[in-house]
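Dropping the structures in below, format is structure tokens.
Shared between the two complexes below is subunit A, which pairs with subunit B and subunit C, respectively.
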Partner chain A sequence: MKNQHALKFRLKKHWSTLLLLLPAVVLGVVFSYVPMVGILMAFKTNLNLYIYEPFTAFLNAEWTLENFQIIFAGEEFLGVLWNTLYISVLKIVVLFPLPIIVSLLLTEVKNIRASRMYQSLMYLPHFLSWSIITGIFMSVFATDGLVNNVLILFGMDASEAVNWYTDPSKFVFLVLFTDGWKGIGWSSIVYIAAINAISPEYYEASRLDGAGKLSQIWYITLPLIKNVIVTMLIMRICYIMDAGFDQIYTMHNAATRPVWQIIGTYIYEKGLQQGNYSFSTAVGLFNSVVALIMILVGNFVAKKISGKGVI
Partner chain B sequence: MKAMKRIVMVFLGILFVFSLVACSQGVESDPVIPLDINTEASADEKPTLNIHLQASGYSEAELNQQYAAKVISEITDYNVRYSQLPATGDTEALDLALINRSQYHAIKVTKEQYNRLVAQGALLNIKPALDKFGQDIYDAYYDYSWSIVSKDGGIYGIPEGGPPIKGQTNVIDCIIFRKDLLDSWQKHVPETTEEFEELLRYAKTEQGIQYPFVMTDEKALVPTIAVAFDIYQEWQGDNGDYHFYLEDQNMKSYLDYMISLNNQGLLNPDSLIYDKADAVRNFGEGKAVAVAVSVYEVDAILSTLINSGIIASDKDSEEVLSVVGGFEDSNGEVHTYHTGGYSYVTVIPKYMYEEAGYTIDHINKKIIEENFKRYYIGEEGVHYTVTSGPDGDLIYRPIEGKFDELNSAAGFCTGTNPKASPPLWRCRVYNKEYLPFLMTLNENSDAEGTYNPMNFTSELPTYDQVKGVVEQDACDACLNMIFTQKSSDGLTAALNTWLNAGGRTGKQELAAWAKDNWEGKVKVE
Partner chain C sequence: MKYASRRSNLLRVRKHEGLGFSIFVHIFMTVFILLCVLPFIHVIALSFSGAGYAIGLIPQGVTLYSYNVVFEDSGFFQAFGMSLMVAVVGTLLSVLVNFLAAYALSKRDLPFRRFFNCFFVIIMLFSGGIIPNFLWYRIIGLVDTPIILILPMAVQFYYIMLMTTYLENLPQSIEDAACVDGAGKLTLLWYIIMPMAVPIILTVALYTLVGYWNNYQLALYYLPTRTEYYPLSMFILNFINGSAINDYVGDIEKANHKDNIEAALIVLSVIPIIISYPFSLKYIVKGSFVGAVKE
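Now for the complex of A and B:
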């Protein structure tokens, strides 16, 4: 009874704030929570959505664990899982530190105009779609493209032109390179903001103590943006099961299939292209469970290292 | 706090129920098409028809402004709104449109898409509506064509294309050569694989062309070369014994030949990521001496060659290019791939049964010969002229400049008039640069050509569900052997993968279908 009064009181007191919150809550519920009912499809035989409306198709389909049996029994999925984790982990290890380095460099540029120009130029690729970027780099890395021509200028035999896009061993490098080219500038915004928020007094004091640039970065800048780095790292780990569907889908080709087939493209092939919605839902559910575990592990590790997590 | 949780739970519960109810409006599993409708009413009294076409290259607004769109409304007395599938990802978009019950009265789908959808039970049996409103459609088609779209006594679509017909041009796969270069090098257009390889080697070593031959990632079998290894189609056979090209005893030799071209640096390794446009651009920029694409790319090639400044715009195209449909096979004979068959099928989704009578009436009026001619090649004296040929047949010629507004007309076909269309089709392509090359390719096509029976099948219940994927995988496997593995050792593994992924069933289903519908049933008419 007391609780009900307290609730009423709070609702009355904050009604205008709650009203502002309502659209976001409704959107979140409708588009994030209600669709979760679709998870049940993972435990059904494939739904015939062409004949029946979704609910009827769902009721008509039989309960089964076959989709999960296929996932865990097949080597195909294990390969897909490995590719996803391999590309994602490489992206974290290689690309995650780069925006931090870029932001450290950019904040050291004292000429404001030049600094802004560099920043704008670095943000620009973020606004290009993957299909455009892939088109650009297909020309640049073609066997008769810019990169190979430069290599030939430096003495490489023309007959040994590197097949950047079609050689599986080079493909992962290309994935990392293009992802870095597109995303580093944009990702550095958060770190630039964090660095700019550090009080200049720290740097003045350190200068008086004789600290050089590297010492300032190591002992002042990095410790003071540590929380931002940890938060960004955990957020990145949250997406570890997303190795970059758009990017891979536009860059893939027959030759590199053994290395590019990731969970995102696998779900797309099985679900949308082959109409096997129940199986792709099962793969998606497995994907989400692994992602959740990775988030919890990432948060735990972050807490151990920095004393802070985000969950 | 508990009260708040209860509120949230009730709210979520209501939303779940609401969303489930919203998703549960039923569709009759065997709907009856209302036939008691007034098809003679004015356009405004009849439903506006939404027709979903294949990708046209135009925006939807432009599509609805095309000459053919306006004429079709006029001649059929129906208001029609056109939309289109995307150029890429069309099958996925089509599936989602059907699942979302998009209100399309008719959809033009590929034969492969048709086969999948009819097996899923997504399409309406239009036979009752055809019987009442579609007499002209029945009359226009060869009887054989209805077997393609029939199932259990019902008819599920209106096909485009036809059975093998003598004299119709249907060889389009070829290798296009830069004849001007060959002439300047005093080399002739190759007729055998040995001559082809020798020419490429000469172009590379003596003329400095880095990669003289370019192909696309769309086909691992280059028809012009494959026929030299007695592989005359992707699917071939007879008397109940049909095989896919991976099973062909000569496939290893074909792969080894292609690998050899690649290993010598004669074949552009980027072919593996080239689509048609990329290959045409590469060839049109003078980077290759031969390209494996369809003859329809001649116009694009010539434009690129002119834009690249390689040839003058007034140069005679036959002095610049030359086409070869097939190199000599092991018997010294030339064979070519025939691409004939059924390309598109116009279907009505099952849930659109209520207005299916109007849809069929509309399509029927489009197919009447005079109406068909009107939107397909325009008006006599305005868009084309007619003269009598030596055999008394009518020859239609487009009027230059005026015919341009009909360039998009073929895309508006929802079924064709196969008996009336051949001379009209020639009018449509009369001004195309590819026409003389197409004629060259088809000079002896009836004697030399081989058909792919798979292009003529009705639904193959199991294989059609996986055909697109497993045949793409087979193609990818072969491309990999040619370009990256550089060895044909993986052929057996690729074959087993294909067999186990549905190929074995596909062979049985094709043989069963062919026994009843192909062998001895269909002859070149």
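Now for the complex of A and C:
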């Protein structure tokens, strides 16, 4: 009874504030929630959009579990899943530690001007679109591009110069390299903030005890930013199902196809390019559900470890 | 930043110690920065070069041919205009919508506050997927219209959270005083809250602007036939993937300069970002701290 009264009171006080939520809620319903109903397509035979409008096509399709049987039975999806996890895991193993190293070294730059300059230049790549980044590096790694020229300078035979972007054996390297190029500087911002927040007294005290730079980093800085590192790592692992569609789609070409086909590109290709609408939706649903579970579990673990969630 | 300067003042006293380490740090950072910057210089050099040279970091056979080709092609200006339109309109709309929502959610005694928070979290974590979205947008007639480049990205819960956190920490007393003076909700928002929230609004606006400017996926998914609505990012993608290159089949001169033209295109599309970058960096960095250290 009391609660109801309180609610009535709060409604009266805040009805105009609630109205301010209206635009966001309407946009959310129209552009995110209503399409979620379409997930039901995953349990239908393929929609025939050549004959029908989408809605009629949906009603006319039969209910079936065939799509999921194909996903789990076939080797094709396994290969795609493998590529996704392979690229994701490599990205974490290779790229996750780098921003930490950069931030540890950058915060040792005592000249404020120099430090600012380093920071502003290393954040810049983060603000470029993937189509531009791929454009840039396609010419850097082209057959007659910068990298090959430098390699030839250092004694590589000119006939060995290849276009790195069309060489499947170099593709994953390029994925890691460009992702690192775009992200390392920007990702280090979190650690820089954390390190700058450490009280200078710790370092003072350790100096008296005769600690050198490296032991300061190892025994003071790293333990004090451990929580941030763990939180970021968990958050990163949560997104393991996303190997980076926006990056890889810009880099794809026919020659490297077996290496780049990840879940994101597979969904796009099956659905929008080949018209297997229901199957593509089923793959998407599988992907979203796994990703969602990962994020919820990750959030739970992060809360247990550091006392706050990552969402 | 405050801490950084205090710390460095304390440390300046014994600057002469650890010189070797300090040199190592500067060398490391310089190499890292060069890795970030050299590809740009290469592309700039390439864009000003003639065809057939092996370009390092210095342009050879200097010519403006590539830029002339890009400027002659009406497609570039069309795409540039579309990007500008999408970025400006999208940012204004998105920031307004998210700001209003953030203000409402910053009131701790708002009825159904938890419900609305959940409502937005779900949007952030889960989506129908490309095909359900595509078909629904087709049903409501938005596929192949420029609107589809703006609205699906408008509500961003992460930005709502950033602004909510900021607004929660504003002094409630000023707002109460304005209410006593009889200010309506919109007057209050416009004259009292907005001016106080300018820093966070600018931060979010910049993130949103970059998000719209760089996005190509919406065009890729939802503009299947109307390539004339492509924003710059998608236009460039089409170019580097070779789909647009067919136009040059009959023109050997252009075909030879393909790489240079591509470089010119990239340089031109990066310029707006480079120009605005120094002015906006302060706000961008500030925002990332709010998000990173939310204690």
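FYI, the second predicted complex is superposed on the first by the 238 of 311 C-alpha atoms of A that agree within 3 Å, B and C clash if a C-alpha of one lies under 4 Å from a C-alpha of the other, contacts with A are read in each partner's own complex, and residues count from 1 in each chain.
Everything that follows uses one rule, which is that a residue touches a chain if its C-beta (ideal position, glycine included) is under 8 Å from a C-beta of that chain, and two chains touch if they have at least 3 such contacts.
Note that the structure is predicted; figures quoted are calculated from it, not measured.
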Pick one for A:Leu20: touches subunit B only (first), subunit C only (second), both, or neither.
-> second
Once the shared chain is lined up, is A:Phe55 touching subunit B (first), subunit C (second), both, or neither of them?
-> both
For A:Pro97, select first, second, both or neither according to whether it touches subunit B, subunit C, the two together, or no partner.
-> neither
Should A:Gly74 be classified as contacting the first partner (subunit B), the second (subunit C), both, or neither?
-> neither
Using the touch definition from the top, say if A:Leu7 reaches subunit B (first), subunit C (second), both or neither.
-> both
Have a look at where A:Pro223 lands relative to subunit B and subunit C in the superposition and call it first, second, both or neither.
-> neither
Could you say whether A:Glu269 touches subunit B, subunit C, both of them, or neither, answering first, second, both or neither?
-> first
Is A:Val34 touching the first partner subunit B, the second partner subunit C, both, or neither of them?
-> both
Touching partner for A:Val140 - first (subunit B), second (subunit C), both, neither = second
Tell me which of subunit B and subunit C touches more residues of subunit A.
-> C
Hey, what residues of subunit A end up touching subunit B and subunit C alike?
-> 7, 30, 33-34, 37, 49, 53-55, 138, 142, 144, 253, 272
Quick one: which bits of subunit A touch subunit B in the complex? Just the residue numbers, please.
-> 3-4, 7, 29-30, 33-34, 37, 48-56, 138, 142-144, 158-159, 161, 163, 165-168, 253-255, 257, 269, 272-275
In the complex, go through subunit B and note every residue touching subunit A.
-> 1-4, 11-12, 15-16, 19-21, 23-27, 29, 91-92, 95-96, 98-99, 101, 116-117, 120-122, 210-211, 217, 265, 268-270, 272-273, 287, 350, 465-466, 468-469, 475-477, 479-480, 483-484
Provide the residue numbers of subunit C that touch subunit A in the complex, in ascending order.
-> 1, 3-8, 10-12, 14-15, 18, 21-22, 25-26, 28-29, 32-33, 35-40, 42-43, 46, 54-57, 96-98, 100-101, 103-105, 107, 109-112, 116, 119-140, 151-152, 154-155, 160, 185, 189, 210, 213-217, 220-221, 224, 233-234, 236-237, 239-241, 259, 262-263, 265-266, 269-270, 273-274, 277-278, 281, 284-285, 288-289, 292-295
Listed in rising order, subunit A residues that touch subunit C in their complex are 7, 10-11, 13-14, 16-18, 20-21, 23-25, 27-28, 30-39, 41, 47, 49, 53-55, 102, 105-112, 114-115, 117-125, 127-132, 134-140, 142, 144, 146, 149, 181, 184-186, 189-190, 193-194, 196-197, 200, 203-204, 207, 212-214, 228, 245-246, 249-250, 253, 267-268, 271-272, 277, 280-281, 284-285, 288, 292, 295, 308, 311
